[in-house]
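Going in written order, the chains are labelled A, B, C, D and E, and every chain counts its residues from 1.
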Amino acid sequence: MEEKILTSQFEPKIASFVCTWCTYTGADLAGTSRLKYEPNVRIIRLPCTGRIDYNLIIKAFENGADGILVSGCHPNDCHYSSGNFYARRRFIVFRELLQFIGIDVRRVQFAWVSAAEGAKWAKLVNKFTSEIKDLGQFTNYQKIKRDIFLEEAVI
Amino acid sequence: MNYGYFPGCSLHSTAREFNISTKAVCSSLKINFTEVEDWICCGATPAHTTNHDLGLALPYSNLQLAAQQGFDTLVAPCAACYNRLKVSDFEIRKSDEKKNRIHEITEDKTEADISILHLIEFFKNDFGIEEIKSAVKNPLVGLRVASYYGCLLVRPNEIVNFDDEENPTSMDEIVSAIGADALDWSHKTECCGAAHAIPKTEIVLQLCKKLLQAAENSSADCIAVACPLCHANLDMRQNQINKTFGTKFNTPILYITQLMGLALGYGANDLSLQSHFVDPIKLLTRKNLIPQLEKMNREN
Amino acid sequence: MKNFKIKNDYKNFVKGLLSLNYLVIAPKYENGILKFSKIKNAAEILSPSEYINTVSSTKEYFFPQTEPVIKFTFEGKEIFLKDVEIGKKPKVVLGLRPCDAASFSILDDIFQYEYKDEFYFTRREKTIIIGAACESNDESCFCTTTGLAPDSSQGADLFIEKNNEEEYFLRAVTEKGERLVEQLIAEVEELEEEPKKNPLYEKIEKQIRKKIDLIEAKKWLDNNFENEKWEELSSQCLSCGSCAYLCPTCHCFDIVDEVNYNSGVRRKNWDACQFDLFTLHSSGHNPRDTKAKRYRQRVMHKFKYYADRFDKTLCTGCGRCIRACPVNIDIYEVVKEFAPLVEQN
Amino acid sequence: MNSISEIAKKLLDENRVSAVVGYSIGSLPNKTKTVIVKSSQQAEKLIFNNLCVNNLAIYLTKSFRLTTQKPVAVVMKGCDVKSVTGLIQEKQIEREQVFIIGVKCNGVSEDGKNLSPKCYSCKLQTPKMYDILVGEEEEKNIEFKNPFSDVEEFEKKSLDERWNFWMNELEKCVKCYACRQVCPLCYCEKCIVDKTVPRWIEPHTSKSSNLSWHITRAFHLAGRCTGCGECERACHHNIPLSLLNKKMAKVVYDNFNYQAGLDDKAKSPLADFKFQDKEDFIR
Amino acid sequence: MSRIGVFVCYCGENIGRTVNCSEVTQRAAKLRDVVYSVDYKYMCSDPGQQIIKDAIKKYNLNGIVVASCSPLMHEKTFRHAVVEAGLNPFLCELANIREHCSWVHDDKRNATDKALDLIRMMVEKVKKNLPLDTIKIPVTRRALVIGGGVAGIQAALDIADGGKEVVMVEKSPSIGGHMAQLSETFPTLDCSQCILTPKMVDVNSHKNIKLYTYSEIENVKGYIGNFEITIRKKTRYVDDSICNGCGICIEKCPQKKINSEFNTNLGTRKAIYVPFPQAVPNIPVIDKENCTYFKNGKCKVCEKFCDRNAIKFEQTDEFIKENVGAIVVATGFDLYSIEKERSDNYQGYGEYGYGKDPDIINSLQFERLLSASGPTLGEVTRPSDGKIPETVVFIQCVGSRDKSKGIEFCSKICCMYTAKHTMLYKHKVHNGKAFVFYMDIRAAGKNYDEFVRRAIEEDEAIYLRGRVSRIYREKDKLIVKGADTLIGKQVEIAADLVVLATAMLPQKDTVPFAQKLGIGYDKYHFLSEAHPKLKPIETNTAGIFLAGACQAPKDIPEAVAQASAAASKVLGLCSNDQLEREPYVAYVNESSCIGCEFCLQSCTYSAIENKSIVNSKGELVKKVAYVNKGVCQGCGTCVSICRSKSIDLAGYTDEQIYSEINSMFV
């Protein structure tokens, strides 16, 4: 179903939504530790995983993301004490919904990365990037979008 | 609910009176138990102390039989049977790997999704203490009963958990419901020595003496039990205890169902009261608790 | 105008049509519902006796739910506009009932009123409409009220009927239609005489809900813009808009710009007067802020305003809105409240 | 026992309610019509039969939202009452504002022939909450079906099969939003799709924007949908919306042990959490 | 129109080594709405900041993107610079091309492209940024302390000594709490009352402390800096403004045999009473339940003898309002009740016979037996017959660390006070034998382990490691059956007295109380701190702090330390007239909010309330959510939970994020 473009040429587009207190800081730590990781990920910084609504994820897919990485504080470590618990529930439900609709949930990865886990962040990005490379471009989703320049007036 | 009845070997032999009285009580209370056909050993003491898998497979086999015969709940009066069935069920539910192994041993793939109740648990939770109370025709007024639970009925707590493991009260509730005085005594769950009766009789004598002493200290007329082994140790060894320690115990040991049967209007023969070593009939006659009319309103 | 007998069966006729390189659109079951869809081979075709009518009308092939009007791109700081191309392939829409065929004369009027909508008319001109007389009806149909009948060919280029011998024949209604038949001469044969009317059609006409006097209805509407009846009639409406989306004559649309980072499009999207945001102004004011006002608009538009302007009703009695309404608001019953039935003999 | 129309008459005569929402004979043979009766003369119209499939809870927010001081009476089946519970739970109405004329229901039908699918897994022939109860309960000879059997069946399909299925179904959607309009729990005054700054869901129809809408609809109803099936009934393109709703209900039940519409004091599961919530996918 | 300036920093070589900064600058200049783009070696340096300031003025910029290091590093710096150029600080965003780009990638091409992407996203975001003002909240510079135990007393005194007014509310007739009941305290064995009473007196006489005893919190409204408290002053039937505490009423009261709560039911009191002689305030209370007048309508002896006419039988509850800026919660603990019949979720220890046999007592009762001011005046005697017990068995962890009874936590103080009990007992009964059943000895603390060793080694307490299964009476003795797991044998001890070291639980009505305050609690109903490590004093409601055992079991030094910490937090808060906060708070679109209250439910900080919208006639149109800006912490959980997107978060608005997503992959 999904057309695999030659893996060597395919550079996946990965959108990442992270909380500022844990994962964003953790990613900063990866930087200050000069850990190297794949350049495919684009981070959007939010105050808390509690702020990450499902429609950010949908929108990122609509905009051509091949994979989405959502990350925040570990349970019990949330700066706002419970934002990540609400997020966790939301993801449990949302992920099942995607799966039910036939979206490969391997394309949406959730993770807890603390401010101290720079190495975990680097590893996570590398692992996820390589997984998305294996999965290939998310043509399923990209094909259903009306490309206005290819859109033939049906009739 | 479709209740299956698992008497186990004791109730067909040494504890016949437990079986007889249970059946009498059930018939009076219009409780419909059907004995599981072809039941086998529950795996108590010899099996489970020698081979773990065998100790699980034997009771599980019984659960499979019950499931095949369409029961969803299995009631066991014998505390040992109950305990073995529960343990097996618990262990096998916990691990698929274990389940597969046991399925291979029993050469049967039936999924035994059955809930297991002890008779007392059944009376308390399914049937209802109030129901028992309202069926009483011959309240056992003035009879002071020490309820003895022993070890297998309420332990271990994570597996058999219908009552407090240290200070259980469900049997006392039944005792109160049938009009007798339920005594709050100290030795409800102390050890009776159990299967040591044969290899190390002196331990049993020692422990049972303490039990009888505690009951006597709390001025009990009799002790109620729900386990054939408890019964055997306390009843059969009483004479030997008196000889060994120079005591003068004369405390009748009765199955809880026998007491219930009396309260429901059955006579001594109906409940096989005469088959105990320590004669309860004298006590009960003295207290005027044996119904005048034998088989009074039996069919009602 | 000429009449033609279909030589073999109906499917063969469609096969002939398909071979002419037309896009053929006809009623077809798709994902469990009957709707006008592209026909790829003749086996898929339903004969006129095999259905009453489709769930949705054919308007989406002329006035689609969404339609780009103009496209634009951003290149650096510049914006470039780009025209939209409209499908050029000639089409045949086949098997429309009289109520659907008649909708074109209504839509044609509105889409050239004061301004000619090139999107609609480009498609319209490239399309040949082949109507088909009704061989059955249901409780919702009320075309006779709007002046139609099971065998009206109004709005069609060609019209399929059954003669007394239960054979299908084609009536050429317009020259456009006749020219098409000439291309299909292998499948048809011209009839010398005007065929006799099949009594079936009269029978169906009698089964259809009785005709309401729309002239009287309009008189009532002329005088009752303010009337508490509107409140009562609309009270159970849920503003779902199904009526308008399924209606062959409803034609309201909204214009929306969709802009991405480097491109954008201006679209026409269907809209419906029953939606509570339909006339919402950006100020926050909404002149039709209640269901009663919105429902009044719907009825007035169909039976008064349109009639004032074009001397027709904006309704062909297809009954789709009645079938679809989740709370059983029945426009026929509503209009009947204002006007008597026409005496028929 | 009093009939609905007698009760309605009494309520209106005694001025206890401002209106009675109920069912009357429809204009088509297999339909009933919903009516809002405001005077006791009109109360004659009110009926109840096995065609009364509509969930009238919708009118509590669509027609009466806080505009009446006096309560409104509504004729409700057991299943419909769940929506009222939801509305109370979500602070849209207060219990005192509704007078529930509960009807004992023996199953309803959309077409006069077949039982409505929701009735097969219904355990609420008698409403859980009502102010007055009418009707007789009949011996229910409907075979009870696992409400989630179609969800479980669907989950057995492969990823691609599921995707293709939904793409075919969602392609039909014309974005009329009737599914939203008829939903008793879609009471927002301005729906997310009508918001333009930003526009999360584009208004045109395409598989992708239709998918966004239907994901949104299902997700917003997760833990809230009571399964009345009105959305699916209103959809003239027969998109299997209930399948999505049921999937959400199942997820919420399996993970959080929560069922919508049963407790008007409960927190909605997605506005709540437990420390012990289990998942196995977060790295 | 947006006029965005992009400022690309080389960060010396830190960025420049992997990102081609001049290429990035040139490409950024071509981005839509970017009117100026420049690079510089160190943008954070003074000349670097000057470039930004100059460009803002020269090009009339209304949005700034600095492509440099992490915003966590220099966001403040650049925003400060922007302010100096007259722009709102929140119109400046940082694109993190160092930590998230140059430092983590090797390939120059990739890093350069990514840097441009990050800049583009920020340009799009900053276009949607709105000028924001920092939030200023006025502060009422007074504090409320709830609970008058040692923690509350310490907090109140510290705040009052710091020059700020304190309102203290205590529910019982006297302050002092549990500490007043104790005999002597570990590990120094100083007399509890001797060290506490002076502090109690201080509280009463301090000019900055307003004390309400026999009072409870009725209602709490408001938020940090601005709480409005309603206090219910319960009916004493004694006018505390007139009474001089002479005590004649108590002396004359004929009702004598009422169990004294203070003496843990081991002693008696009158129907009009002060809980203990050193009570503060020294004003009696009439116990309505037991008062002859209230029961029979006759008596009033106290009234007769009171020459100041302070007895007021007609008195009713009084409600008092107080405004404070901060709250210290120090409601303390309660003991787990050991009897089997219980209303909460815990199982009792029916097998221990507590409540059935008078000689089986809990540890607090034993404290009273030891106390010189206790019912026995410090003589250790058996409650049953007054005999001096020769063998006492102490059982630890009764309730604590016992999953099967529902309590899994360690009560922390029992090891220490049990050791103390054995010592004090031995000091009083020299020939007595003390046995202790324990699970582990947890004596971590300054001089703690030494103390326990002393009990064992010098005072010869016999420690048995094991649990007790049963206690029952045999004639004069209590038989304690247990296990000594170190020798692997069962033991039976015939004791005269058994003391159970009972678990500590929070006060009984903590849940409704916590809900009143809008603060969290755990499964045992202990009050929750905002962060277990970094905010152990704060609650998740700003302005409310915790002190003492209401948060978790604590001993006296810990409770006092936490109380002083809470006091310093309060003093910090009260040191300004206004609080300043970053304006990242949620706000509501009232036109589309439908009032479903999901946001309200999910707000950790209770920052969201109801607001009624009324029309010109004053009729309710609808209820909507209202965000209290002083309380909102800006997590945005409400934004995700709102279905109609009627609530948004300033600084992270839907529009800003949408723009970022839209420009992410081009």
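Note that in this section contacts are C-beta pairs under 8 Å (C-beta built on N, C-alpha and C of every residue); 3 or more make two chains touch, one makes a residue touch a chain.
Note that the structure is predicted; figures quoted are calculated from it, not measured.
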{"item": "Nearest-to-centre chain - CA centroid comparison", "value": "D"}
{"item": "Chain pair with more C-beta contacts, C-D versus D-E", "value": "C-D"}
{"item": "Approximate Å spacing (C-alpha centroids) for the pair chain C, chain D", "value": "32"}
{"item": "Intercentroid distance (Cα basis), chain D paired with chain A, Å", "value": "34"}
{"item": "Distance between chain centroids, defined by C-alpha means - chain A, chain B (Å)", "value": "61"}
{"item": "Intercentroid distance (Cα basis), chain E paired with chain C, Å", "value": "69"}
{"item": "Of all residues in chain C, the ones touching two or more other chains", "value": "260"}
{"item": "Multi-chain contact sites of chain E, meaning residues that touch two or more partners", "value": "591, 602, 641, 658, 662"}
{"item": "Multi-chain contact residues (two or more partners), chain A", "value": "54, 59, 63, 76, 82, 86, 90"}
{"item": "Chain E-touching residues of chain D, taken from the complex the two chains share", "value": "65-66, 90-92, 187-192, 195, 197-198, 200, 220, 267-268, 270-272"}
{"item": "Interface residues, chain E side, partner chain C - complex", "value": "30, 32-33, 124, 591, 662-663, 666"}
{"item": "Residue ranges of chain C in contact with chain E within the complex", "value": "74, 76-77, 260-262, 284"}
{"item": "Interface residues, chain A side, partner chain E - complex", "value": "13, 15, 20, 24-25, 27-28, 30-32, 34-37, 39, 42-48, 50-54, 56, 59-60, 63-65, 76, 79-83, 86-87, 90, 122"}
{"item": "Touching residues on chain B, where the partner in the complex is chain E", "value": "157, 164-167, 169, 184-190, 214, 217"}
